[in-house]
Amino acid sequence: MPTVLEAINQGLHAMMAEDARVVILGEDILDPYGGAFKVTRGLSSAFPDRVLTTPISEAAIVGVASGLALRGLRPVAEIMFGDFLFLAGDQLTNHAAKFQWMFNDQVRVPLVVRAPMGARRGYGPTHSQSIEKHFMGVPGLWVVAPHILGDPGGLLRQATLECDAPVVFIESKTCYGRPLISEVAGMTVTEIADHVSPFPTVLLRHDRAADADGLMWCYGGMVPHCLEAIRHLFDAEGLAIDLAVTSQLSPVPASHIARVVDECHSALVVYAEEASAEHGWSAEILAQVQDRVSGSGRAARHVRIGGAHTPIPSGRALEAATVPGARDIIARVLDCF
Amino acid sequence: MPTVLEAINQGLHAMMAEDARVVILGEDILDPYGGAFKVTRGLSSAFPDRVLTTPISEAAIVGVASGLALRGLRPVAEIMFGDFLFLAGDQLTNHAAKFQWMFNDQVRVPLVVRAPMGARRGYGPTHSQSIEKHFMGVPGLWVVAPHILGDPGGLLRQATLECDAPVVFIESKTCYGRPLISEVAGMTVTEIADHVSPFPTVLLRHDRAADADGLMWCYGGMVPHCLEAIRHLFDAEGLAIDLAVTSQLSPVPASHIARVVDECHSALVVYAEEASAEHGWSAEILAQVQDRVSGSGRAARHVRIGGAHTPIPSGRALEAATVPGARDIIARVLDCF
Amino acid sequence: MSAPVTAGSPVRLARCDRASSAADRYALLFGIRLFEQSLLDLFSTGVLAGTTHTCLGQETVAVGVVSAIDRACDIVFSNHRGHGHFLAYCGEVERLYLEILGKTGGVCGGRGGSQHLFLDNFYSNGIQGGIVPVATGMALAEKQRGSGAVAVVFLGDGTLGEGVVYEAFNIAALWQLPVVFVIEHNGYAQSTPSALQIAGEVAARPRAFGISTRECRSTAVDEIARHCAQAVDAARAGGGPQCLICYTYRLGPHSKGDDTRPGQELSEAWLRDPLKTARAVLDETTAAAIERRVGAEILAARIRALEATA
Amino acid sequence: MSAPVTAGSPVRLARCDRASSAADRYALLFGIRLFEQSLLDLFSTGVLAGTTHTCLGQETVAVGVVSAIDRACDIVFSNHRGHGHFLAYCGEVERLYLEILGKTGGVCGGRGGSQHLFLDNFYSNGIQGGIVPVATGMALAEKQRGSGAVAVVFLGDGTLGEGVVYEAFNIAALWQLPVVFVIEHNGYAQSTPSALQIAGEVAARPRAFGISTRECRSTAVDEIARHCAQAVDAARAGGGPQCLICYTYRLGPHSKGDDTRPGQELSEAWLRDPLKTARAVLDETTAAAIERRVGAEILAARIRALEATA
């Protein structure tokens, strides 16, 4: 299987070959450098006219991308580190996300802003964050995250060519080097997607447990850690925890949540995200899950797992203590039994 | 009673007289104009050296304020419309909010950024939002909102002089002209505050109902609408709904939530915010409330009320249909009975 | 308000292009003036809510600049003070009334309102500065597809405070994009005079980025049109981004009633009202006839808009 | 790694001020070079993780600029490429090792790491451009309290892409603040040559905001110090903000191994290594003695830092 990086890179190559409207822009994305994380490698050689290296101007990168999108192109912009996304926050929220609706649906702004997020690389407080939670809940703005259980290249294609609205595409730095996974032993994989929420949720259910002991929700870079925790909990503790992985972070894929909750009747629901969970992604998922659970006359215990509510330190040991991993997840789950 | 505007304006005057470290900066804040909403009126006449009108540079306004704060002053910056806060998003999150922690607690950044938020004025999609939800959950950043049941001037003083960290101070445009309220007939007002969460939560409990029919949570500009709904529900429908109004929006005042939940055993909990509730303030409150409720062996139904998940239109009727008011709250509560 | 309203297509003002006569230009200038004065009236009588920014005194910039573009392809990106730009672009006065009144027949169905307009290749947004990179990106799109179109973006002098403007200047110059930055230098941003907002020379700023910059110190509509035509032509011919600085003056309040400028400064400025100059080149009969005709159009548009049910 | 470590206060390099001798300057330059080369080694051997930006080839800017300030009061705000600035400011080489190694004895307890340093009046942050308004605000605070202090802020040429830099330029000039903007123009931002990033003349940009701007085309430490002394003195004397553009060249990779520049360009640049020039004015015995002494200091600092338990 290709790595996430390879999948996204190949996805970009394929999209640019398929559709001449696709334009790539960002800092340091030209060959031979090919971007800080090498995601755009080879593109400027293959499509020299449609790969634009920019000055260090995150706001204008997104602004220019909006302009391109309004005039019929399909720009994919790279923000070198997702930590810098706030620099383009006004462009994303007051320009890109607003135009279609405030111009009475007479225009479309199909643009993608790719943003590598996440810690565990020792990059320190300003280069390790997962700040996507702050861009969720903006009307008109989509937030989408690929992961190792999905098809990152296909997801990027979907965001670029099939979605007519601006999408922030959250990539996990630490997943770039990981190979994709199509199967998990002892678990059945289902994909949930529909017209309203087209970016798929992947549901992994234990084959041997009708009603599992728990259901875990996560996205993006937390998938490897959750999978590791789930494997350990099953093998070593005999606990069957199912896993629901969303790729559509915003707008909330309410229909996916409903379907998962209706299928998985666990009395324990766990939510794992890398950022501090306070006002995080999981709060909204929890709110919708509990609504569905109690609406169907059941009850559940909800446990949220997130990073420490501090910036992310540079030092290795300090950082490891700040960001949640498999061990933290296992401990929190075991606490419930 | 003074209006909210008068209270904040007087608070600013008093602070500047009390403490020479207080410096005010923002766009168009000089007399005779005194700011777009007149909150800074009189200050530049009384304290000409410490009131600085700036160019239209929201990012630099906050950046300069951080610099002032790092060097021992107590800046209060005004962002003319809260909608523009994303322009200062990087300054708030990657500079002001980070310095203390990442410099190992060797510095402090005591600054306040005042931001008028909210709709119902016909200002249209880019001048009517309540985007504070996107700034909640940032480690090191406080979000605080005054309201008519509290003491807006005192709250601002607390944010400016008693808090050593950056505070985003969310003012409601439509509440500026409203007089403060110190009593609500038939209800008892309690203030909850402590060392960890010093910005008070105001709890209003019906005198004649031991366990009320419901508990409502809100903040800032929603208070008048919630009060109106509560009065109507009691008078016309015989339903007693208590009200908890937080002023500390972030970090979440967990201890206040715990105390309110422990006191009010209602089986219905309602949350009202003006923005779209999706990934909003109420998701976090709900998560913490349900945790406390179920932790104490009880169960509750949770109902979230927010604005439409669209931008806010200019047209009066369109806007009224987008933003939640007393009528919407009443209808949603009645639905539960 | 009970005048009979005729059916048919919405009332439009006649637009101007490079070849328009002084009479046609005056008609449009006068129409914009009348339209905006009526907005202020509607506000003061409480019919209109929200906010509005009128371009009283700056109409010649709107008409001069927009008459220089090629409406078949060129793009206009306007800002908070955009009614004049919009009317110069398309003349759709009735649908602009409807929009500002928040009615569904408005150009954006009442969603956008005064500051958020769209029609054909016209766009506006009420966030200062942010539109500049967007217009720059549009110019890039047009350049990529070889359409020959030029993007014109309006910004006020106060908006030079926003950093993103310089990010856009830099990119436009680096990539030699067909964009014209029109700076309407009216000496104020809201209540604040330029001296408290702008350090150094305005023209030095775009020039520092290698942008060819023209200054028009005349408020005469034909002078502005001439300068803008040069800028648009140069941009279209591949000369890269252009900047046009138009020195002008706002005769009305910033938005509704918030004017704190010295009374004498204002009354002197009214004496130099560019509409007077534009009228002066016409004979009195022509001018009066124009005013009657345009006055009737504006009135009809207003009545129809006010009477529209939703 | 098993060399004996002596107890006592952390190892410091000797700092330089305006009166420092060529020998002292060389010692500091050499110490910075050695320190950073050892960081690259520690990365390549996996001892260090994360990232680092070394100033190989740019040391004379760090030492020249910082030697011109008054350490008793002046402020330095540095960026991602800040080790040289930091060591020139305080010489705390052992505590910088500790910081970069993520240990609690580091200047920020291991929280900040390479790009986020603080000590006394020295600050740094890894977000390009955002530090410029912060430093401007610091200058305002110092002006308000009449401390006579000057704030010096470092930015790279690529960072001129960030809009907030111009917001700060404008404010600094409007308010005549005692801030010195030092632009280290090394011709590249990460992998991108200036020609793809910067339109127009660099010096024209601060000048467009009315900021008095000096250019130093020499990489000699004393020339840089002389220029910076003029800028700092002017700022302190109430001359308002100053800009100093130092033309320099980065001899090492942008961060760890990511160098895509032509080999010949690099090897030619090494021939012009400013440290060679700084060494050439000393006699060989002096230079060698300095190198031995400083080498031993750096080694001692590194060993102590590596052996520190947390």
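Read from first to last, the chains carry the letters A, B, C and D; within each, the first residue is number 1.
Keep in mind that, in the parts below, contacts are C-beta pairs under 8 Å (C-beta built on N, C-alpha and C of every residue); 3 or more make two chains touch, one makes a residue touch a chain.
Please read these numbers as outputs of a predicted model, since none were measured by experiment.
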item: Label of the chain whose CA centroid is most distant from the centroid of chain A; value: C
item: Distance between chain centroids, defined by C-alpha means - chain A, chain C (Å); value: 42
item: Inter-centroid spacing, chain D versus chain C (mean Cα positions, whole Å); value: 47
item: Averaged-CA centre spacing for the pair chain D and chain A, given as whole angstrom; value: 37
item: Junction residues of chain D - those touching two or more other chains; value: 111-112, 116, 125, 127, 160-164, 167, 170, 174, 196-198
item: Junction residues of chain A - those touching two or more other chains; value: 54-55, 57, 59-60, 83-84, 87, 90, 94, 98, 101-102, 124-126, 311, 313
item: Contact graph of the chains (line, ring, star, complete, other); value: complete
item: Residue numbers on chain C that touch chain A, as the complex places them; value: 75, 107-109, 111-112, 116, 118, 123, 125, 127, 130-142, 144-145, 151, 163-164, 167-168, 170-171, 174-175
item: Partner chain C, residues of chain B touching it in the complex; value: 27-28, 30, 32-33, 36, 53-60, 83-84, 87, 121-127, 311, 313-319
item: Residue ranges of chain D in contact with chain C within the complex; value: 160-167, 169-170, 173-174, 196-201, 204-205, 207-211
item: In the complex with chain A, residue positions of chain D that touch it; value: 49-51, 99-103, 106, 110-116, 125-129, 158-163, 189-192, 196-198, 258, 260, 310
item: In the complex with chain C, residue positions of chain A that touch it; value: 23, 49-50, 52, 54-55, 57, 59-60, 62-73, 75, 90-91, 94-95, 98-99, 101-104, 106-107
